[in-house]
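In the two complexes that follow, chain A is the common piece, with chain B as its partner first and chain C second.
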Partner chain A sequence: MDLSIAALLAQDGITNGAIYALLALALVMVFAVTRVILVPSGELLTIGALTLAAFDQGHVPGTVRLVAGAAVLAGVIEAVRRARRGEGRRALAGAALWAGIPLALAALAAWMGPRKLPLAAEVAMALALTGALGPLTWKIVFEPIADASVLVLLIVAVAVHFVLTGLALYFFGAEGSRTPPFSSASFDIGALRVSVQSLLVLATSALAIAALALFFGRTLYGKALHATSVNRLGARLCGISPDFAGALSFALAAVLCAFCGVLIGPITTLYYDSGFIISLKGFVGAIIGGLASYPLAAAGSLFVGLIEAFSSFWASAYKEVIVFTLIIPVLLWRSLVTHHHEEDE
Partner chain B sequence: MKRGLNVALAVAIAAAASAARADITIGVTLSATGPAASLGIPERNTFELLPQSIDGQKINWVILDDASDTTKAVTNTRKLITEDKADVIIGSTVTPNSLAMVDVVADAKLPMISMAASGRIVDPSNPRTYWVFKTPQSDTLMADAIAVSMKANGVRTMGYIGFADAYGESWLAEMRNSLKTAGIEIVAAEKYNRNDTSVTGQVLKLIAAHPDAILIGASGTPAATPQKELVARGYKGKIYQTHGVANADFLRVVGKDGNGTLLPSGPMLVYEQLPDSNPLKKSDATYVTQYEKRFGTRSTFGGHAWDAWQLLAQAIPKALAKAKPGTPEFRAALRDGLETANVVGVHGVFVMTPHDHNGLDNRGRVMVKIEDGKWVLQK
Partner chain C sequence: MGPLLQVEDLSVAYGNVEAVRDVSLTAARGRIVTVIGPNGAGKTTLLAALMGVLPSRGGIRHDGVDVARLAIEERVARGIVLVPEKRELFATMSVDDHLALGAFARRRERGIDALRAEVYRRFPRLLERRRQLAGTLSGGERQMLALGRGLMARPALLMLDEPSLGLAPRVVRDIFTIIAALRDTGVTILLVEQNARAALAIADYGYVLETGRVVLEGDSATLAADARVAATYLGRGHGAMTAG
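Let's turn to the complex of A and B:
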């Protein structure tokens, strides 16, 4: 291996690492606020990318029907829940809100489908549509069991992962797609050829991380989420609705995951079931950050990306083994340096 | 969803009917979901084109999905044998599933026709394969075609990148054999996974070894990942693919980076370009026209399902003359019929013998080149 190969591998590893970092941030955020480990994050990633691919080919993406179906279900659930509580009039309003907004989005997307709008509009629509799946999943699946133990939430999250994989196969088919690159240009720095696309991935990841930091540090909603993650009961006493916090964190996470999909779509071919292994790598990154620290999770993900790139050069047959074995020393190290505290329930 | 209900209904009706009369029951297990879904779906579509009766005898088709999962394939096979009283099993789509099913049908003593690639499924040295046949070309036949083409193109050294699974491993093993006779050396062999987001590391290592040609041992659209990377990194040698990429989706994903790529394939892929004297041209036209009218672009994988039926269509009348469906005698007669089958299918001319339960020869393969998003037959 000479220096130029090492530089190429590092570039590749950092690009992938940036994507894992975004996923890790989504995982950490959702876990902190709702105690759900977002196993289906990979599916949201693929759905985001495949939605954009469908727009690109001038089809109406299957996501439209998926979101519409979930919206109707969420509306009914909300109406029934409120009606049971005796909030007759608000039942209708709640249902209209939960079903109405996603249905409107779906209708807009269906209108956009065959019309080849500019790439930016297609990306925005793909993010919005997939983003809508986040709160809908929260409403239909997790809100009714929000107080269950972490283990139950994890098992349900695994179930959601399988359901979404199946739905993705139904709506998008078995074959993979690529999305058009934002830029196919590249330039040389010395012996190293740098593609603009990978720089874009890095820049937008950094931007997303900065935006998240700003959101949690400076805005009221961000602070409300942060408060919920620190102390759910305390936040509730201060008038923050944990249901709202849950829905908001799921929405943010879904948009983040879809964004990863949009970034990675031009670099690799994505299939309906590609997401799981990508999200697992983000998960390893998040674990390095103890599922709590955003900067550590981002750094851990970059590390995972680099390890992956270099092991694919030296021992391609054992690449996944090497990446996932990484989690054992990390867990050992974390269990030694952190104080274990029992969950209070 | 609606189709699922229809299938369930059809199965229920079929089960009720089979209890009443001794119809022929054909049990199918294929991989319509899971990693091999892009192979299994055209196969399932093809079964919808097949007739519901033969020689006035009604056929019950019982079609199950094994989700590309080996355990599920075995469970399905057991269910088809015990509950549906199948006379013959067709399946499964992929090699690991088919290998696992061999023992089940050998114990139950009924014939099975696999739609998977590996030659080991019908290995004549294994007595358990007495009941097993298969329709797709074996890897050996296809690997040999690649070696011949490489030699003709003056290739001296080859690099290999393939799936880190049974498909990639068995192709590498077959190529080692075929290349030895052709005098071509393998200078680098790398692995990757179907869902890998990047193959930069492997590709850099391959290019550093300076092979004259590179073979990508992968199937379906994932085979485009190393190809696009090789082109992006400026590899100038010849790129070969396996017949596992012979579908329209691969062309869509690989785009202009696929130009000049060579691969072996069943003649069905390019049947329009075959000379009129080729016996396959007519059978290919029959199948492809029917398929494309209902399901869109052809897939060579669907052809394997069609060929399985062509074999049965010749063997069933012979077996009917000897015994009644649903009896052990009928199943044995059906097996004997398959072993002596001589059929012009869509993938080649099948001449079955006790030592060759695949029956395909060089007529079952052609070399194809990708030019501007089209398959072009190489003479």
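Let's turn to the complex of A and C:
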């Protein structure tokens, strides 16, 4: 291996690592706020990418029907829940909110489908539509069992992963899709050829991470999410409902995952079931951060991307094996450096 | 206008054990009402039930409205605020952030900045440490922060659970001076305390809770003069009241 190949691999690794980092941040956030391990993050990523691909080909994406169906279901659930508590008029208002906003998004997306709008509008709609699946999943699946143990939440999350994979097959079909690159330009620095596409991925990932940091550090809603993850009862005593925090964290995570899909779309051909293996790599990064530290999770994900790139050069058949074996020394290291405290339930 | 808080026959059970049994109490507007009693009498449980942290049976009316079925957040929105015994602060967040979050239920209302200035005026110590993380504060500062965060929710009914717990005597005096001053803002305060002497000194009315029941109530002056209360809670004698 000479320097130029090493530089190329490093560029590849950092590009993928940046995407894993976004996934890892979504996983850490959702776990901190709701104690759910977001196993279906990979499906959200795939759905985000396939939605953009459909827009790109001038189709109405299957996501429209998926979101519309979930919205109706969530509306009914919310209406029943509130009606049971004897909130007659607010039952209707809640149902209208939960069904109405996603349905409006779906209608707008259906209108956009056959029209060729600028790429930015298509990306925004793909993010919004997939993002809507986050709170809908929370409302339909996780909110009713929000107080269950971490293990129960994990098992249900695995179930949601399978359901979403099946739904993705139904709504998008078995063919793979690839979106056109945002830019096919490249330039040379010495012996290294740098593609503008990978620079774009890096820059937008960094922007997304900075935006997240600003959201948590500067905005009231970001602080509310942070507070819920630090002290759930303390947050409730301030009037921050865990249902609200859960829905908000799922919305953010779904948008982040879809954003990863948009970034990966031009690099890899994605099928309905491609997301899982990608999300697992983000998960390894999140584990390096102990599912708690955002900077460590991001750094760990970059490390995962680099390991993956270099192992694909030396032992490409074992690429995945090497990446996932990484989790064993990481768990050993974490078990040595962290103090155990029982989960209080 | 009736009393701000009316509790009727409230019972709270942990499994088969009833920690609070058929407690009835009222808090008139703008008054400090204290609930005193020994450790384990059910005082903290009572406040947790009034806040909706624990499920309960019986009636809770706040400002004439039945709130017994409402979630914690919905009670906060109605002006019922609890400053809990364990403070429940956010260790990795700053003093400023706590005050901002304290007003979360009031986020669509005006005058939050003026309210924050007012809280900082009451607690100059917090202003000095506004950028500091809650986890690095002293015990007294943590209690002030919990109080300040509670005040940011614009409480109509402020429930304080053992505000003197674990604090040095000088700090306890400061905290009670601040609580007494809060009455002048029109807020109704329900004060739970083991430090009966300090509580009765600032309260208008008091209840004595033992093994989950109200065994005595009255104006705080009357209570303080009561021989049994004096013997049991003001350090002039020994043993629980019902035992004698």
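General observations
Definition applied: the second predicted complex is superposed on the first by the 345 of 345 C-alpha atoms of A that agree within 3 Å, B and C clash if a C-alpha of one lies under 4 Å from a C-alpha of the other, contacts with A are read in each partner's own complex, and residues count from 1 in each chain.
In the analysis below, contacts are C-beta pairs under 8 Å (C-beta built on N, C-alpha and C of every residue); 3 or more make two chains touch, one makes a residue touch a chain.
Fair warning: this is a prediction, and the values are worked out from it, not measured in the lab.
Model built by superposing both complexes on chain A: chain B and chain C fit together without a clash. In the overlay built on the shared chain, the residue A:226 is in contact with chain C alone; chain B does not reach it. Shared-chain residue A:310: touches chain B; no touch with chain C. In the superposition on chain A, A:208 makes contact with neither chain B nor chain C. Of the two partner chains placed around the shared chain by superposition, neither chain B nor chain C is touched by A:245. When chain A is checked against chain B and against chain C, the one touching more of its residues turns out to be B. Between the C-alpha centres of chain B and chain C, as seen from that of chain A in the superposed arrangement, lies an angle of 150 degrees, given as a multiple of 10.
Judged by the touch definition given at the top, the superposed model places A:274 against chain B, while chain C stays out of reach. After the two structures are overlaid on chain A, the closest C-alpha atoms of chain B and chain C sit 37 Å apart. Within chain A, not a single residue is touched by chain B in the first complex and by chain C in the second.
For chain A in complex with chain C, the residues that touch the partner chain are 85-86, 220, 223-224, 226-227, 230-231, 233-241. Against chain B, in their complex, chain A makes its touches with residues 5, 8-9, 12, 15-16, 19, 166, 169, 173-178, 264, 267-269, 271, 273-274, 277-278, 308-314, 316-317, 319-320. Only residues 33, 35, 37-38, 41, 164, 190-202, 204-205, 208, 220-222, 224-225, 249, 253 of chain B touch chain A when the two sit together in their complex.
Per the touch definition, chain C reaches chain A in the complex via residues 51, 53, 69, 71-73, 76-77, 81-82, 84, 87-93, 97, 100-102, 104-105, 107, 149-150, 153.
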